[in-house]
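Before I ask anything, let me first share the structure, which is written out below as structure tokens.
All chains are identified by letter, namely A, B, C, D and E, in their written order; residue positions are counted from 1 within each chain.
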């Protein structure tokens, strides 16, 4: 424990200020979970008070079973070399998250991507509507309920023989007459 | 000879007394009678000019006393020329101001008309009198009319300007009287011809001191720097016809008095240089001051002072060509500046304030007046083919004859300054975007006639100066021929 | 009455007549003006021959009007260009306000210019010079609604300074040499730079300002650019040549002189001033974004060449100057007309606003192309001849090797703005804003085409211009001027045959054009300017593919030191400081009566104290 | 009559010679560069194949009249300049219509083509084209100055503006002008680097920056014709340099065909050697920025140009 | 994961139809340049075309990095007359280097149409052939020759420079035989291509007229 003094200090500080749960994952890495309402204040606090001046990344995970999106904000302190991951969850229906590109300009890019790929709305986000996709008219493609294969089959002409995207391993096995190696079975589609 | 020089004086005096009475009979009499009188003066001028061309100069004595003891009126080609010029311009200014009353806010039309008439008559008196004390009297007549006219609007600014004028005019009178006293004690005469004759006997110091008093006193009348502080205020506060009169008539009379004293009475060395230097300084300072003026009438006033400076320079050069140029310029300045004041008055009448700024695009409202103003401005700067060109041309020629190279360059540079501010105004009038909607007062018929005749004069003389040049030539000769003047007056008796 | 007086009277009366026609019927104003000048030109060219003289007296002065071969040469420019400009003007000015004012002043300007060249005495010269100046001033401020205070006045102040410098010189000629006749003054050696050096210097100053020589050129670009284009045509084409005319007159004594060493300094300085004018005019022309301004600066540069040519004083040099005077009037007249046509049809000449007019205004473009080629001095058009003469004069005759490089630099950099003009207005992207633009009306096209034809013919047969130019040179002191109809020869005997060049170029042109057109004729497609390879991107309507701003930025960076010398700023600062200085003097008039009284007293006391110094 | 016929035929022969040699030199350049980079490289006749292919394109796109005309200007300039430069001195067949070149005329005629092509490029509306033109014109102003200085030096040293007279002079004295005025040669040589537009002065068509600049909208027959013109132009420039500084070619005493052949060989050797200078410099240098290129020309080359003039004046007896 | 629908396998009829759709456009039948009809002049010109291939490399995917390698001294593509061209106007060959997203396809079509006849297309890698590992991606097209006529496919993921050169040599062979250059086929079958293209590119804003 004594080794992770810096980490614990930051975590304690955060816990004392905000109502959140969290843990020190490992050296130089702290993960906290918070309500989506408080994320911006936590980030501001980290940036202004604790010296986490750099936003590394924002990532989004679609927890379709729990009907939630998880957003992870990763910030970094260049002096202490600590990284804080701020996890938060928002509802999957009409997802709305607070816009933080006023805190870090580069957040704008991530938020544009989430808006396009997950359909999360960021009120007050000023950016062109289209980011990577052009003329997209389906549900956002990174959501897990989006069926990419079906979409591809429906929209793109497919080379004959590849319509169903069969698992070629069996064919290989049949042709070569060899047993499939274990690692190949492990990643089997079924 | 039925018409004599005394008619110049008598007619206005009688009319001045008669007008209040006639006003009782018909209220328009106050406006018509001065016109008749001034027109009569014009006739007198023509008759007298014709006479002196045929028979030589006239010296009329008053009340039977022969010169040098009595008061005498002298019409030489020189004085005759100036008197004619003054009377004609006076008449045109009257014509212009004929319907003047409508613009009046305070004051009474009859006083205005009487004072205006007296001012012109007094100026003529200054020019034709041969007696130095009489000169003083006429200067006082002009001065008093001028003070009252300056304060005619009874506004705060007008009163202030009138008071300033009065104050400085007081200095002028005092110094003039001092000078006259010194001269009288030394020569025992008040007749200019006789003074001139006896002048060589006067002690040098006395002569110079008397001259200095004359120079300062008459310098005030002739608007010489630094004695001309009254002028901008007086010009800008007086009614416009009066401003025109100041420029065209009163200043001419002032310059005449100065020149008469310097050229005829005294024979002091260095006066010419003095006139030249002071003339140049007046011109320079006046034009410099004019360039930053925001008020149109003040700008024109400073411009007048500059032009008078140029006249003084020419008189300072003193050669025949220079005097010729100076006389020509006096005429041109009278005509052109009257035109500018007349047209400028219509601009001011049509705007709320007297600012140059508010003249923007007034061309569209008053095309003819603007055209005349532009013409006047170009003529005053001295562009051919207008009359202003020739006078400036001859003055510069005479300066070149005397090899005053820096003077020439100086005059031309000052002309550039003059050109700058005049063309700025012209540019504003014709080309700037108009702002606001000032009331449109179209010029009346009499004003149009007055202004057109002046403009016509400018163009005609500009294209064909030979029309007027012989008269000016003889006038210049008469001025320079001092001994002839003395002899004629003293032997004619 | 003398025929010359009648001609001037026609113009004078015509000026007023036009003014009144305008208030009568606006449609006929332009036509009236055109007819008046056309009639004048007709009478002039039929009735008056070179050598004509008319003596008379005015205002006590002996005056003389007349025409030498030299002045007749300039009459060609003035009247020829004026007639074309007025023909052009009819449609160009249609629908504008104050036509009477415009045409009245226009004719007065023509009167002034004609007067200047027919004057054989200084008083008339100055008289007409001033008429020309103020009449043109009225036209310069015709368009400048906003910048009246700076733009128009600048022109007038510079002109006035020049005119007054000239005037000073004139009075001194009168004083020192007791003559007002130009020929007598030259004969008496007034311009010989021996005694009274200031006389020719002042005269050169006066003429030089009109010819927009280096430190005094600042009035020219705004004045040229702001005037209505139909007037700029003669403003730049003919009126600036009046300065050239005058310099030629003054230099007559140089050309005649038996000891030209006297003139070494003046011609060196003037030549360098011309060279620097050319360079500065050029480099400022190529950073302009307004086509009119570009042309205006270019005019300044071209006048620099003419001055250089005059200052060489050699046969080829003066021939170059006179030839350039005509050819510049021709192509620059045409170019200003082009700019005017574009302005009229497209509403602006700002090259950042419009582009790609070539399909909409093909005839205008062809004229612009021909004129620009002539301007750039590329063979086989007329401009090359002038450049050739100038270089050969500088290299072979006047041995001014560095100056020739300066001139060459200027004329090479002129390619840049030549291209910029064509590209900016006619080539490049066809934007939606210019879709409505149509070809200019015929009366505007015809004068342009006439000028373009002249520029073309002058390339193959420069002798047509050399002939009157040679006569003119003989009138200002050269003997045995040689010239050929269609070839150029320098003193070393090297010949360039222009007719053969023109024929060769024409033949190659036809062959390669036919080859290129006929080959795969059916499979060659003409597409719009939106169809360009933009890395596969499809240009959107709103996307800006026009490259117009900072067009020559690399050159600007490379030549940055040259751009630091901004004459305009120096003059502006001077003006501001002077006004502040004047403001100080104005404070003398405090408006307080007591102060004034104090002045009087002090003045009296001072006079009394210094009475012995002042008077005696 | 026969003389004229021979002249016209000779002019055609010259044109063909210039074309063939120019194209071959282009191919040679590619080969040399390839060998220098330790690879095989294209065959020497590669440029002919390229040209043939371009001319054989079935479809062509032009962006309007000026775009269509752009190659025409280049051909005009190339042919006219060619006709003014003597290929072989005193040879009956290669005198090119005997239009002995005036240097100032040549100077102006040589920019004719670039300007015409610039107009065509301008009409395409491609911003890259205009940008390339802007750079090209700026560079032109750069290298014309030293080149002109060198020419002036020659003019005043030998009192002529004609290229033919200069050749006569070299033949008469037996001394090349490179010996008489080496500084002029240096200045002109440095200027020629800009004229050839190889690296480091290939800023006009810089492929990675401007997508080949003015040419970006030309393909097929237009590009092919431009290539032809460019090849002829390269040859002309080389011949001009040889004529001016290296004594020209064909000054042998042999009669008839042998003399002509020897002269041509001499010409080819000289031009080839001269050509290799810009090629080798281009091989080892990266690209300048535009302003750097201009400033380069205004520094040392201009200095050498002025030195050349001083030298010429000294030799001429005007000074010193 | 259960929500993902299973994808129906196309019926044999559909497969047949698809094969018919592809058939005429994948082979070299119906070209303007049959070997039988090819005259002497055309033969010579084809020789020139074969040896002078100006390449516009559309770096769509990972194959873009293989092109510079191909041009280096080690592989020296220039000896075949292959040379980079900066713009489609000058180019003969277009290289599609790798997977092609729908967004890129639009640009590729534009570039292809701006090239001048005769023009050739070489497609790199399995992604360009059949979608490769992105076969089920929502934005990668699977069969390039549905949208553009392709002359040569180079298999591999990615093909090495040797393969690329092999592909070029194959193309040269085709050119020599007069079997390459599908510009005119594209033009004549434009409706079919347009239909396919418009299916992928939703917001179709190309100019109406086809621009060679």
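Convention: contacts are C-beta pairs under 8 Å (C-beta built on N, C-alpha and C of every residue); 3 or more make two chains touch, one makes a residue touch a chain.
Keep in mind that what you see is a predicted model, and the values were worked out from it rather than measured.
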Interchain contact steps from subunit A to subunit B (minimum; 1 if touching): 3
Joint neighbours of subunit E and subunit A, given as chain labels: none
Chain pair with the higher count of C-beta pairs in contact (B-C, C-D): C-D
Chain at maximum distance from subunit C, centres defined as averaged CA atoms: A
Chain closest to the middle, measuring from C-alpha centroids that were averaged per chain: C
Cα-centroid distance, subunit C relative to subunit D, in whole angstrom: 37
Geometric centre distance via CA averages, subunit E-subunit B, whole Å: 98
Distance from subunit C to subunit B - Cα centre to Cα centre, in angstrom: 44
Inter-chain centre distance, subunit D versus subunit E - centres from mean C-alpha coordinates, in Å: 40
Per-residue multi-chain contacts in subunit E, two or more chains: 87, 89, 106, 114, 117, 211-212
Junction residues of subunit C - those touching two or more other chains: 523, 525, 527, 531, 533, 535
For subunit D, residues that touch 2 or more chains besides their own: 57-61, 211, 216-217, 220
Set of all touching chain pairs, with the criterion as stated earlier: A-E, B-C, C-D, C-E, D-E
Residues of subunit C touching subunit D in the complex: 356, 358-359, 362, 369, 376-379, 384, 387-388, 391-392, 395-396, 399, 401, 404-405, 408-409, 412-413, 415-416, 418-419, 422-423, 427-430, 490, 492, 494-497, 500-501, 504-505, 508-509, 512-513, 516-517, 519-520, 523-535, 545-547, 551-555, 557-559
Touching residues on subunit D, where the partner in the complex is subunit E: 30, 34, 37-43, 46, 49-50, 52-54, 56-61, 207, 210-212, 215-220, 223
Subunit C to subunit E touching residues, read off their complex: 523, 525, 527, 531, 533, 535-538
Interfacial residue positions of subunit A with respect to subunit E in the complex: 64, 132-135, 137-138, 141, 144-153, 155-165
Contacting residues of subunit B [partner subunit C, same complex]: 160, 163-164, 167-168, 171, 175, 204, 208-209, 211-213, 215-216, 220, 226-227, 229-230, 232-233, 268-271, 273-274, 285, 288-289, 291-292, 378, 383-385, 389-390, 393, 396-397, 399-401, 403, 405, 408-409, 412-413, 415-417, 419-420, 423-424, 427-428, 430-433, 464-466, 469
